Amino acid sequence: MSGPEMDLGTRSDTSRAVAFSDAIFAIIITLLVLDLRVPDVPPGRLLSGLLHQWPSYVAYLASYSYVAVVWLNHKAAFNRIQQADRGLHWRNLFVLFTTALLPFPTIVVSHALQEHDNADQRVAIAFYALIGALLCATWLAFYHYLARHPDLLKEQVKDAFFRVERLRALAGVVLYVLAGVVGYLVAPLVGLAIFLLLPVFYAVTSAGLYQFPMTRRITHRPPPPSG
Amino acid sequence: MSGPEMDLGTRSDTSRAVAFSDAIFAIIITLLVLDLRVPDVPPGRLLSGLLHQWPSYVAYLASYSYVAVVWLNHKAAFNRIQQADRGLHWRNLFVLFTTALLPFPTIVVSHALQEHDNADQRVAIAFYALIGALLCATWLAFYHYLARHPDLLKEQVKDAFFRVERLRALAGVVLYVLAGVVGYLVAPLVGLAIFLLLPVFYAVTSAGLYQFPMTRRITHRPPPPSG
Amino acid sequence: MSGPEMDLGTRSDTSRAVAFSDAIFAIIITLLVLDLRVPDVPPGRLLSGLLHQWPSYVAYLASYSYVAVVWLNHKAAFNRIQQADRGLHWRNLFVLFTTALLPFPTIVVSHALQEHDNADQRVAIAFYALIGALLCATWLAFYHYLARHPDLLKEQVKDAFFRVERLRALAGVVLYVLAGVVGYLVAPLVGLAIFLLLPVFYAVTSAGLYQFPMTRRITHRPPPPSG
Amino acid sequence: MSGPEMDLGTRSDTSRAVAFSDAIFAIIITLLVLDLRVPDVPPGRLLSGLLHQWPSYVAYLASYSYVAVVWLNHKAAFNRIQQADRGLHWRNLFVLFTTALLPFPTIVVSHALQEHDNADQRVAIAFYALIGALLCATWLAFYHYLARHPDLLKEQVKDAFFRVERLRALAGVVLYVLAGVVGYLVAPLVGLAIFLLLPVFYAVTSAGLYQFPMTRRITHRPPPPSG
């Protein structure tokens, strides 16, 4: 009876990984609100205190959108996965690890924009970009693993799907690094604006770049003529 | 095999969206308790310190009830949804976004009522009303989408259902704005009282306004006579 | 088609209520650890600082056990429930509400035992007892509702089950009130010790008092002789 | 009909225990990030402040890996469990209890390494080791229970499986105690390094030591020759 026992140990359906990941994404996305605090102002100044905190709101919005897009990506990926092995579980845990880090650079950016000088703001933006790029890099590893292990996928999934997803993740690494460089060298607020735009880019393309004819041409080899 | 692959990418069953939303509601509703703190009082004054914190308790109760009602609404809506597409997922994420914000105005109100002057209290109440109205507005968008996409619904769901739900959400926007105006212009505590009453209104009507003959008359066109 | 539509609105299976409740219990039980903080001591005094915090550990243990027992009760109850209606959902939300409050009196007790004088400690213990009794009271309402609505239960559930559970919940209200009175009038630490013992009592009896012959005699009427 | 009713009370399928545990692991793993704070530095010193916090990052990494490994173990165990009884639920709750404690020694270690003197750092490392060993001890009790109750397991699970898992848990107790002793007597940073390595050891062996011929020889008695 070593067959089924092996299966128990090495491969398993993805339901628990999905439930665990969903819970983590849900917690991260709601933990972000803990960074929004009552402004510490003298009586009568609550309104200006709330308005003065605008960088917190922008940083919150950027990170909320980022996690929302990560969740949509995660859902799109696991919709196509039949079973998970140990290697995939660890890559998933790396994705969760970098996503779970996100509240930290978020709070660093929002504090720096409110209370620190320009040099600190550049550092904070570069730090956010670093974690953002790292998060895309863990997705790259995740998609790469799936592109190399088509046996983990559902039957009807096109071979090219995760090869194209890799491109999207790679683009993310590059774009977050660019945002960090621009934010550090040019102006922190420009970097922050790019952080807001990037999830929009991913939301628009999250149905898969595959739907665009160009990427289809690049990555898809036509099936051999039958007959 | 492009049919099933398309399905994987664009439409999916709602189980993960429901689990993700449930986790977020659960977290928001329990995060609220973090605002309840040990009063910072000299020795021997704990009791009066605890009593003095009553605005925290009222604000906690108002927000807990609000999230509970949001969860009941969410359950009632997804009970009627067969499958979700990208547009619905994003509207759901907007609902979760505004709900996740709720702990922030809650803590602002409870602090203002304890430590700030009357002008600040008016600002805090208006701020809570703003987020409360925003939350109803995201529900309005959510219901509107469903009213326009009956193909996403289960077969036995009446066409009128989400058209009536839209009315309830619209009423919520109006009532939170009114509570904000009254709280700002008249008295903050009156606004707070309305915040406590609004979830009760929604709890009572959450089986759907549809059950009331009047709204049924407004929104339901009789089926064409058969035969 | 009003039959199924009615069903969608008024009664539903319990899976979402269970998942939502599980998430809330999980969050409450882990939020408790946030009260355990690095002691604020001068260099070289970490060990004594950690030891000095023992009331935090005892309060943490009491509340963790309480929530664990609440979860086991909740599981035992919903194992017997076939479907939930609006009334049951609201009673469940009341149970979740009082459980979610538990971290607050926990932190009040642990702070009072460390930093306040004896009068404050009596207040803190009485406050914990109040919330503990309130939690049992919401269970009482929950069980009472089920005892009155046998149509919500699974077929094989014995009629007497929730009538006996009511007794356990009532005992809990009385015992927490007693612990509060003893803690307030006699000594706070005695009250704390009772808080530690109460979950043990519930753990031992959580398979249902019904298993004990005496309670069976009280609550169970013999079936009418057939034939 | 006492048979099924008995079943409802004493044994049940594991789905709710799994969902509850997953939620707790997810919360613990994300709560850890709350310990990462904006450094409290004068303007212009954000970068050095962030770098100065490296012990927080190392402690975060050690604890994240530990919880990730605990989750993988938990998944591997429950994959083999058919049904749970009260005894198993309580042992599971003990595992969750010690895992939920982990953020506390994590923050103690990271603070001690940043702000306290060497004596405090030794205490902090020993404290972390204590909780780490305690967590392994609860696993030991959990596995021991399963090794003694093969009737709770799925049919195809090899008898030896949980006997070997016990060895792994016992090794964990010993190794965490050793790390604590080394960290206390020799150097705190050496202890911290062992904390980082231990989850790697568990990750490598988490498919079960059973796969290694040596442990197989120790624990597995050959089946009696048939015929």
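Here the chain labels run A, B, C and D in written order, and each chain numbers its own residues starting at 1.
Everything that follows uses one rule, which is that a residue touches a chain if its C-beta (ideal position, glycine included) is under 8 Å from a C-beta of that chain, and two chains touch if they have at least 3 such contacts.
These are the chains along with the protein names UniProt gives them: A, B, C, D = TMEM175 family protein.
All figures in this text were calculated on a predicted structure; none of them were measured in a lab.
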Rotational angle, Cα trace of subunit A (TMEM175 family protein) fitted to subunit D (TMEM175 family protein), multiple of 5°: 90
Numbering shared by both copies at the subunit B (TMEM175 family protein)-subunit A (TMEM175 family protein) contact, with half separating same from different: different
Distance from subunit D (TMEM175 family protein) to subunit C (TMEM175 family protein) - Cα centre to Cα centre, in angstrom: 27
Centre-of-Cα separation between subunit D (TMEM175 family protein) and subunit B (TMEM175 family protein), whole angstrom: 38
Multi-chain contact residues (two or more partners), subunit C (TMEM175 family protein): 19, 23, 26-27, 34
Contact footprint of subunit A (TMEM175 family protein) on subunit B (TMEM175 family protein) as seen in their complex: 1, 4-5, 8-10, 12, 16, 19-20, 23-24, 27-28, 31, 34, 86, 89-90, 93, 96-97, 100-101, 103-104, 107-108, 111-112, 115-117, 119-120, 123-124, 127
In the complex with subunit D (TMEM175 family protein), residue positions of subunit C (TMEM175 family protein) that touch it: 18-19, 22-23, 25-27, 29-30, 32-34, 36-38, 43-47, 50, 64, 68, 71-72, 75-76, 79-80, 154, 156-158, 161, 203, 206-208, 211
